[in-house]
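As written, the chain order gives the labels A, B, C and D, with residue 1 at the start of each chain.
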Amino acid sequence: MTVSLRSALGFAAIAAAAFYALVVVPQGGDLTTMINGSIYASYAILALSLALIWGYGGVLSFGQAAFFGLAGYVYAVAGLNLGDTALAALIAVASAAAFAALLGYFMFWGRVSDVYLGVITLTVSLILYRFINQTAGEEWTIGAAPLGGFNGIPSTPIMTALGKPDETLMPEQIYALSVGALVVCYLICRLVIATRFGRAVVAIRENPVRAELLGYDTRFYKLGIFTLGGAIAGVGGVAFANSVFVSPTMFNLQTNGQVIIWVIVGGLGTLAGPVIGCFAMLSLSTWLGSLDGGGWTDPNLVMGVVLTFCVVALRKGLLPTALGLGERLFAVARERMGAPKLGEPRAAEDRP
Amino acid sequence: MTAFNRRTLLKTAAAGAALGLAPAYIRGASAADAIQIAGIHDASGGIDIYGRPMINCLTLAVEELNARGGVLGREIALKNYDPQSNMQLYTQYATEAATKQKAAVAFGGVISASREAMRPALRRYRVPYFYSLLYEGGVCDRNVFCMGSTPAQTLQKFTPFAMKRFNAKTIYVLAADYNYGQITAKWIKKFATENGGDVAQADFFPLDVNDFGPTIRKIQAAKPDMIMSVLVGAAHNSFYRQWVASGMKDKIPMASTTFGIGNEQALTSPEEHDGIIVSYAYFDGIQTPENLDFITRYKARFGAKADAVTEGAAMTYHAVNLWAEAAKKAGSVERDKVIAALETGLSFTGPAGKTTIDAATHHDTLDVYIAEVKGGAYHVLESFPQQTPADTAAVCDLTKNPNETKQFVIDVKV
Amino acid sequence: MDYAIIVLLQVVVTIANLALISAGLAVIFGMMRIINMAHGEFLMLGGYAALVSHQAGLNLWLSIFVVAPLVVGLVGAVIERLVIRRLYGRMIDTMLATWGVSLALVGLITVIFGNTVAGVSPPLGSLEIGAYAIGRYELLVAGVSALLFAAGWWVLARTPVGLIARAAMQNRDMAAALGVDPARVYAATFVTGAAISGLAGALIAPIAGVAPTIGAAYIAKTFITVISGGAAILAGTLSAAGLLGAVNAAFSFLTGPVLGEVALLACAVLLLRLLPQGVTGRFFRRSL
Amino acid sequence: MTAAAPLLEARDLVMRFGDVTAVGGVSMTVGEGELRCLIGPNGAGKSTFFKMLSGQLRPTSGAVALRGRSIVGLPASRIARLGVGVKTQTPSVFDGLTVMESVRIATDALLPPQLARRRADEALERMRIPHLAGATVGLLAHGQRQLVELAMVVAQAPDLILLDEPAAGMTGVEVDRLGDLIVELARSSSVIVVEHDMAFIRRIARTVTVFNRGQVLAEGPAAEVMADARVRDVYLGKDAA
C-alpha cells in the first residue's frame, strides 16, 4: 500500500470515527456511553501526547501523567478562584506546557538519556502525587480551592458556555468538547509531524548524532516536542477534570503505567494506534469491573496478560499489526488479479 | 456542579426511555417490572476489606425483601458494581447505575472519597443515595442519607472514656491522610481538650504507607499517655504489627476510631490487638434478639467463614430496609416521594438497634457502643443509646435549605 | 544519648532495608541491563510464600530462608523462559513486558488469596535502649542484608562463578570467550535475582505485611535506587541506598513519612541530573 | 579575526580519557580549498581528532579556530552551522527515512524550502543516486549508505568537510568514483580525509599528515611523506607490504 493511499485511508477512518463519536453516539442519547466516552477521550488525549513524544520524538516519558494531573489541578484551582472556566483551561494548558519546558530544559540540557530520562519523569510525577496526596489538611487551600489531598477536588468546576458564566455545560456537551479536543489534538500532531520541525524531530529520533552533525541542536527539538506533548497532556487533564473531577490518581504509578500500555498495545510510532489502544483497554477494564459477582478473574490479571502478550508476540502493537495484515491480504488479492507487486521502492514524487 | 439545567436532563432521560433502552440486567420472570437498585462497593483493591461485608449485607437484605414478596409487589433487582478501589470508576458506575440501569436507589461508597465521587452524579440524575460507613460528618444533601456514625455520636463519649480508662492526659493521634482522618483528628483534639487533656501530636499517613518505624521512634520520644489510631486500609494494618514488634504494646495503650471497620481483628493476632478499645454503632457481638437472629441468617447465607459484620455492613442492612419502608409508605419508588417519606422520621429496628432518620440532616439517630478487642472478638464495655447527629446538625438544616448540596467542613472549635 | 542511638539504629535499618529490597533488581540490572518491573511482585511473592508455608505449619525461619527464595526463584525461571528470553537486548520492551508480568502476578495472587491475608508478627521481641525500644527482628533483617552483600562480594570477587559473572557484566562476548553460553548466564542471573528478591520479600513480610498490591509501594523506590546507583551491583546499590535511605529517614524524622519519601525522590532526580550514569558511573567505577 | 586567518587552525589539541591520552598535542592548519589526508595506524587518534574538530568531543586542552574564530566548547550543531560537514567512520544515517527525506533533513537545516529542494536533488545527482530517492536507507547496502551520508554532507555545501574513511565497504568502481568526487569537492570546499587505502590516498592527496600515538609524526606532500622511513616503520611497513 502506498503511503498516500495509506494516509488517505487513515484520514477516512479517523473522519469516520470522529463522525461516529460526535454525531451518531449523541443521537443514541445514552448518557452512560457519553460520560464514559468523555473520560476515555480525556485519557486518549493523554495517550496521544505520549504517542507523539515517544513514537515520534523518541523521548520515553514514564511520567507523562504529571502534566495531565498538573493541568487538571491548575484548572480546578484557577476555575474555583477566577470563575472563568475558559481562562482557567488556558492557564492550565499553559502551565502544563511551561512545566514540561522547565523539566525538559533540566533533562535535555543535562544530556540525560533514555532510561534515566524515564526515571526522572516518573519520579517527578510521583513527587507531585505524593505532594498532592498529603494536602487533605485545610492549610492546603489556594484561595477558594481546597486541594483536598487523597479525595481530590470533587467541586472541580465544570466548563461554562463561552461568555455565559452561569450556564454550566451539560454532560453531552462535555462529551462533545472532549471528543472534539481529541480530534483537534490529533490533527495538531499530524500537522506538526509534517512540518520541517516535525521532520527534524523524527530524524533526531532516528539518529541524534547525525542530526547534530547536520546542524540540528537536538536539545532544542526534543525540548520543543516534549513541551508540545506536555501541553497536549494538559488538554487531556482539563478534559478529565470536566468529565470526573481532579484527584491524585491522575498522576500515580498506575496512570503513568496505563498510558505506556495504551501506546504499546495500540502501536508505537503511530498516532491513531495509541488512541485505539486507550479506548480498548479502558473499555476492557470497565467491563471487567461490572461483571457481577466475579472472582473468577481479576482486571489486573487480564491487563497484565494482554500487555505481556502484546510486547512478546505482537511486537508492533494493534494498529500496525492490523494494517500489516490488511496489506498482506491486499497484496495477495492483487497478485491473484495479476496486478504488479507492491512494496517496490518508489520514486521521489510519491513523497510529500 | 450545582447549576445543572434540570429540564434538559429530564428531556435526555425521556429521550433515552423513548428509544427503548431496556435496563441492562434483567433477571427472573417478573423482572420486567422489577425495581432496579444499585450497590457500588469496592470488592477488590486496597479498600475491599471495608466493602466486602457491606456487599454481603446488601445482598442479604435484598434477598430477604424479595423472599417477603419484594417492595410494592415488585421484585428488587440488585446489581453490584466493583469500582476496584478506584475513585474514578465510582463516578462512572454511579452514572451507569443512574442512566443505564435506571436504578431507583443506590447504596454504596466506602471511604469518603468514593462517596464524594458518587454524590454529584447521583444527585444530577436524581437517584437517592444511602451511604452507610461511619465518616467525618457534615454531608448536607437532600439526595443523600448517611447511615453511619459521626464523631459527635461516637468520639464525644469515647474520648473521655478512653482517657479515663487509660488514665491519660496526652494523646498521640495517628491518622489516615485524607479528609476523614484530618477532620477526625480535629474532633479528637476538641474532645480531649474539653476533658482536660491534650493531643501531643497528630501524624497523618497516606493510605499506602506501611513503614511506621520512624513514627514509632517519634512516639517513644514524645511519651504520650495513649495512642488514638485513625488508620485506614490494608497497608496501615502493619502499624499494629510494628507497634508490637517495637515492644510498645504494654507501654502505651491504644484506642481507635477505625480498627475493626475492615475486620482488622481477623487480620491481626491477639497479641497485636488485645486491649485496643473502639466505639461504633454496631458490633457483631451485640446480645439483642434482633442481632442474634440476624447473625444466624448471615452465617447461614454466607458461611461461617464470611467476613464478620461491621458497622458499615449492618448500617447497609438498615439502609435497605429503611428505603423499603419509605417506598411502602410513599406507595412509590419515585425519588421525591421516597425522600419525603424518609423525612417523616422513619425508623427501623434491626441488628444495630433502632435507627431513626433525622429530617434536618439526613443522618440518623443510633445506639453507640464502646468495646474492647480481645482474642479477635469484641467485648462491649459501655453503651450509649440513641445518639443524635449533633455535629452535622450544627451546620446543616435541610428542612430550611433543601437545595444545599455540599459537605460542610465542621469548624471544630478547640 | 539514648535517643541518638535509637535514631542512628533507625537510619541504619532504613538503609539496610532499602539495600535489601533493591538487591534482586540490582543483580538483574547490573548483569543483564534489564529493568525488571515485576521486581515488586517478586518481593510480594516472597512474602506470600513465607507466610503461606508458615501458616501451613512450617517453621518461620525455614519458610523465610528456604521456601521463599526457592519458590520465587522458580517463578523467575518460568518467567525467564516464557518472556525475558524472547526479548534480550530490547531494554524498553523487556521493561514493558515485565510490567505486564507484574500486573498479571498481582491479579493472580488476588484471585488465589484475595486482597487481604492475616499477617505474621515479627518474632524476637524488642531491644530496649533507655526509654526507647526497637524491634530485634528489624535489626536481624539489617544484619541479613549486610551478610547478603558480603556474600555477594565474596562470590563476585573470589569464585569462578563470580569471574563469569563479572565477564558477563563487562560484555556478552567476554563470557562466550570464557566458554560459557551467555544465555545460560543470563538465565542463571535472572533466577538468582528473583530468589534474592524472594528472600528479601519474605524477610520484610512480618514487618510490612503482605497484600497483592504491596509491590507497587516498592517498585518506584527500588527502581530509583538501582538506577541512581549505576552499573556496579554491590557498590552502586549500597551507595545509592545509603544516600537515599539516609535522606529518607532523616526527613521522616523531621517531618513525616510523606515528605521523607518526597525528599528521597527529589534527591534521586538531582543525583541523576548531576551524575547521569548513576553514582558508580562516576565514582568507584572499577567496583563490583 | 583577520581576513588572512586560515580556514581551520588547531593548536596543541589534547584529549585524555581518564589515564589514556588519545591525542597528545596536535597542531594543524588547513587553508581554503585544501585537500588534506590523515593517515596513521589504528588508535593513532585520527577519529578522536576529528571529533574534536566537529564538536562531538570537547578537547581536554588546546584551541580550534575556524577562520580565526574559536569553536572549542560549541555544540556540534553550532559548528555544523558554521560550515563544517562530517562523514563519520561507520555510516551515520537515518535508517527509518528514505534517501530523499534524509537529504532534505540536511538541506532544511540551513536553507529556505525552495532552495532546499533543489539542493537536495543536486546532491543526489552528484552522488549518482537519484534512483534511490524513495528507498528506505536502512534497507540499502553498506556502500550505498556511505553515499547517502555523503549526499547529506555535500547537500549542505560546507566550507570544511571531514571524511572519516569514506571508501570503506565500497566496491572498486565506487571507490574510483568517490576519488573523483572528493577531488571535485575540494574545488569548492576544504576537505580532510582519513583513509587507510594507500592507493586511494595517492590518487587524491596533495598534503598528507601522519598520526601516531596521538601525535603528528610527519606532514608534507604525499610522495615525500610516504618515503619517510619513520612513517614506513609505524604504518606503511605493515600495510603497504
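The definition used in the following text is that a residue touches a chain if its C-beta (ideal position, glycine included) is under 8 Å from a C-beta of that chain, and two chains touch if they have at least 3 such contacts.
A quick note: this is a predicted structure, and the numbers were derived from the prediction, not measured.
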Chains contacting each of chain A and chain B, listed by label: C
Centrality ranking, top chain (CA atoms only): A
Far-end chain from chain A, centres as C-alpha averages: D
Geometric centre distance via CA averages, chain C-chain B, whole Å: 39
Whole-Å gap separating chain B and chain D, where each centre is the average of the chain's CA atoms: 76
Whole-Å gap between the CA centroids of chain A and chain C: 33
Separation of mean Cα positions, chain D and chain C [Å, integer]: 49
In chain B, residues with contacts to at least two other chains: 44, 177, 204, 206
Residues of chain C touching at least two other chains: 110, 216, 256, 258
Each pair of chains that touches, named by its two labels: A-B, A-C, A-D, B-C
Chain B residues touching chain C - in the complex, by the definition given at the top: 44-46, 48-49, 177, 203-206, 208-215, 217-218, 220-221, 223, 234-235, 237-238, 241-242, 244-248, 262, 266-269, 271-272
Footprint of chain A on chain B - complex, ascending: 1, 3-5, 8-9, 12-13, 15-16, 19, 21, 25, 43-44, 79-84, 86-89, 91-93, 95-96, 98-100, 112-113, 116-117, 119-120, 125, 177-179, 181-182, 204, 206-207, 406, 409
Complex contacts: residues of chain A adjacent to chain B: 28-32, 35-36, 39, 130, 133-134, 136-138, 148-152, 154-158, 166-168, 170, 172, 244-245, 247, 249, 286, 289-290, 292-294, 298-299
Touching residues on chain D, where the partner in the complex is chain A: 54, 56, 75-78, 80-81, 85-86, 88, 92-98, 100-102, 104-106, 108-110, 113, 130, 132-136, 149, 152, 156
Interface residues, chain A side, partner chain D - complex: 196, 199-200, 202-203, 205-207, 209-219, 345-348, 350-351
